[in-house]
Amino acid sequence: MYVNRVLDLSVQGAKVLLQAAIAKAEAMGVPQCIAIVDRGGNLMVFERMEGAKLHSQFSAIQKAYTAVSAKVSTGQLPTDLAVGIALASGNRFATIAGGLPIEIHGEVIGGIGIGSGTDEQDIEVAEAAIEALKAAISSEAGS
Amino acid sequence: MYVNRVLDLSVQGAKVLLQAAIAKAEAMGVPQCIAIVDRGGNLMVFERMEGAKLHSQFSAIQKAYTAVSAKVSTGQLPTDLAVGIALASGNRFATIAGGLPIEIHGEVIGGIGIGSGTDEQDIEVAEAAIEALKAAISSEAGS
Amino acid sequence: MYVNRVLDLSVQGAKVLLQAAIAKAEAMGVPQCIAIVDRGGNLMVFERMEGAKLHSQFSAIQKAYTAVSAKVSTGQLPTDLAVGIALASGNRFATIAGGLPIEIHGEVIGGIGIGSGTDEQDIEVAEAAIEALKAAISSEAGS
Amino acid sequence: MYVNRVLDLSVQGAKVLLQAAIAKAEAMGVPQCIAIVDRGGNLMVFERMEGAKLHSQFSAIQKAYTAVSAKVSTGQLPTDLAVGIALASGNRFATIAGGLPIEIHGEVIGGIGIGSGTDEQDIEVAEAAIEALKAAISSEAGS
């Protein structure tokens, strides 16, 4: 086969992730930067909530890219190895937590990156966003 | 719809493009750098033919990226505008000819970038490669 | 002597390395990014196999460059020193494993870089590729 | 053939170029930055003469790289095209004069880049250096 039919995140899907992430971050009282990238690692939607950190506009995107690239959550490798990968890839690899791959029907179709909170807070927001997307897809399929 | 089914170039398809580009460049007697990127702009395959220019290893990739990104062939904008886009996008936009989008069944599914010849030579090689891919796909569909 | 006769990898040789690396990676069930550079550290051929990581398109090239540059396999230095070299060289030095020098007839004539697997998987693929090149050269010499 | 026997500049040869360039620049009364790269575009020897311009430490190297990469003297393309190539190759292409390829026995084996004078002065120094190398090689061959 010279071409593949693949699943990719739509902007509508990216917005479900973004809105759910914002809602979760508001509920937690922790302003966040939220980035969603497609399966090619390209930025789809982004929001820096009121009060979120300036540098997180960059790290949230990097986390989202890294998650879809590596197909696993960021921040799980030993630091030496992770920093080495970051250097070797021209700094296209986040070594810290807060990036999660978005897997739907067995395919990684995008990545979400959260930055401004603690590791745990960032991950909690990303997980809530992915849950919301999966719920929306299930609901759509069932209707 | 929260997700899209999209068409993407497979590695097998990328290799058809690469081999056809090499064959064309050999027939023309002009060694070339040849880069193929997928619909997300990420490098799939690359070859620098014996005698091709060193710096073209970079520009061929940039041309391929730009073509899939803009969904039109590179080198068609007025120079001032093209350079402006290159600067504004952090130098992720080739202003010169030799990058062509790969459109199959109405979707841009990748890009090809050729570098080391004149504008005309680069374009001729890219066009030959795309023709070869289309022929292979037609042949597969008809079999 | 004002000039040297030196041995350099040909594109044909680079393709032997690439194909053997792909075959090994397929046999292992681990999709890889594979980069081959010549004795000057310039990219010759590259392939990102279906499913390999996006960021490895960059790190595989960096590993290949580092191996031919340092004339030893990457990832063998203490981390602090390796990171220091990477920083001091403007990030032209991979600190992690997966890059091997290609030594033929006592000369380092190129480098191979593999990325997307574990350290051990990357090295195993690179070694298989170099073995295949050596076998091809022996076979050619003997014919 | 899986490997090529190619001609490369030796450090001894690079020093002949450098000394001849310095001698010529001194005779002209124009302090220069002088860079010599090998066939892979890697820096071999460099000197910034007393009084030469600071920024020319970078441009001389870029000119030498470009000359060996493109296998022709720098500064000969229309500006729009040359600037476009520079941008597309990640600024690895000098658009201005002062870089010359070093061709010996029909092979481009290195590049020389001169910077701090006018275009004409830079070229004159580079040409004198290459003449000196060719004379040294002829003399060696004849002895």
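Letters are used for the chains, namely A, B, C and D, taken in the order the chains are written, and counting of residues starts over at 1 for each.
Quick note on the criterion: a residue touches a chain if its C-beta (ideal position, glycine included) is under 8 Å from a C-beta of that chain, and two chains touch if they have at least 3 such contacts.
Just so we're on the same page, UniProt names per chain: A, B, C, D = Glcg protein.
Fair warning: this is a prediction, and the values are worked out from it, not measured in the lab.
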| item | value |
| --- | --- |
| Same-interface partner of A-C, chosen from the options B-D, C-D or B-C, over half of the pairs matching | B-D |
| CA centroid of chain A to CA centroid of chain B, Å | 29 |
| Between chain C and chain B, distance of the C-alpha-averaged centres to the nearest whole Å | 25 |
| Chain centre separation (chain B, chain D; CA means) in Å | 32 |
| Chain C, residues touching no fewer than two other chains | 10, 40, 42, 50, 54 |
| Chain contact graph, described as a line, ring, star, complete graph or other shape | other |
| Pairwise chain contacts, counting only pairs that touch as defined | A-B, A-C, B-C, B-D, C-D |
| Chain B-facing residues of chain D, complex | 4, 40-41, 65-66, 68-71, 80-81, 83-85, 87-93 |
| Chain B to chain D touching residues, read off their complex | 50, 53-56, 58-59, 62-63, 75, 79, 82-83, 86, 91, 93-96, 115 |
| Chain D residues touching chain C - in the complex, by the definition given at the top | 1-10, 12-13, 16, 38-42, 104-105, 109, 133, 136-137, 140 |
| Interface residues, chain C side, partner chain B - complex | 10-11, 40, 42-50, 54, 57 |
